[in-house]
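Chain IDs A, B, C, D and E follow the sequence of writing; residue 1 opens each chain.
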């Protein structure tokens, strides 16, 4: 999984019917020191309910369709967790409650 | 999923029989600030009907075969939605109706 | 799918038994303006019969095994079409009959 | 598989229910000469029990769900082995017992 | 598939039980002109028996588990062939018997 920050949303009315009801978030990737990278992913959020500026974990590939209700949707990226803390070498590089 | 702009078409008569009837679009990727990137993907469009210059969402990998009618085709990229709006930090970076 | 040019062949006698009879082509990727990139893929060609210097579409990942006869082969890239034309913004950037 | 060093942990309480009980490690990739790269992966560790600073093998994609107990989890990266030795051209570039 | 050279081995005793008996080779990728690239893959070799310095084909992703005996192993890269010759534009760039 990769660490990403919720930056925005993507809205579509004309889409594959199986995508109806799936919230699509624009996620920007974060590097190992906690900085925003110039790369993004549009991921569905079905089971987690992530909010703006939160750090999340995103799973890509067939893993995205292991979330209940997404098995038959053409989705290749899914928000699977809202991150509480990221700790590297015993030092916190992110803590949700400090935001 | 990635955000891409429909730039053109790819036509083939000599192809795997399972690809007959699948429209193939040349998509150019767009970065997180809305600029065209020098990377592309040729994706099938079976259920969406995207037009030139529209911004679309493309799913890659096995997700591409979750669109009805593509389950048994050797396709690794699919147009799954035409984008209405992309919003980042509450500011719109793309709106289809403004194009 | 990506656009690639058939540049050569790879021959192997000592290989996984399931690969017997699968022709292996060396494909060089082509960028969105029609130039050769310094990246390649060795892909099987089972159903298409592509020749040297032709432009082809290559599918990667599990899509490669959706071509009949390759379902149980350890192949991650497949030639799925010989390209007739690539058109971008209504201008042809490649036409097979002009080669 | 890629070689990576265990650098830290990622903790989440609000996550897809199927992820409960899966330990999530922050892994930093290592290049072919044994140096840390500026790229990372958050991987589950279910069957191996890797500790900080150990070198591990990480499998990505659908392979991550071939570890017992992870088949139905939305996980795209898994620690599959703790490395004892890496040997290149008969020279050891890593040995766990020397650490 | 990608072309790679067998450079070394990775040994692990503490690993997912399903990996027992799978030989793990360190492969270094080779570019389209035959030069070693600074990227590698650790791949299993179950059916081929590749030796040091040989050029091989490596399949990645779910293809790696289409080799008999690896279907249920968390492996994302597999040696599927030892290369005899690579020919580009009718010129050989590699021939095993000349090594």
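Throughout what follows, contacts are C-beta pairs under 8 Å (C-beta built on N, C-alpha and C of every residue); 3 or more make two chains touch, one makes a residue touch a chain.
All figures in this text were calculated on a predicted structure; none of them were measured in a lab.
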item	value
If a chain touches chain A and chain E alike, it appears here	D
Superposing rotation of chain B relative to chain D, computed on C-alpha atoms, to nearest 5°	145
Distance from the mean Cα position of chain C to that of chain B, given in whole angstrom	20
CA centroid of chain C to CA centroid of chain D, Å	33
Junction residues of chain A, two or more chains touched	61-62, 64-65
Pairwise touch network: line, ring, star, complete, or other	ring
Cyclic ordering of chains (reference chain B, direction chain C)	B, C, E, D, A
Complex contact set, residues of chain C against chain E	7-19, 24, 26, 28, 38-43, 52, 61-62, 64-65, 72-77
Residues on chain E engaged by chain C in the complex (per definition of touch)	1-3, 31-32, 47-49, 57, 59-68, 78, 80-90, 93
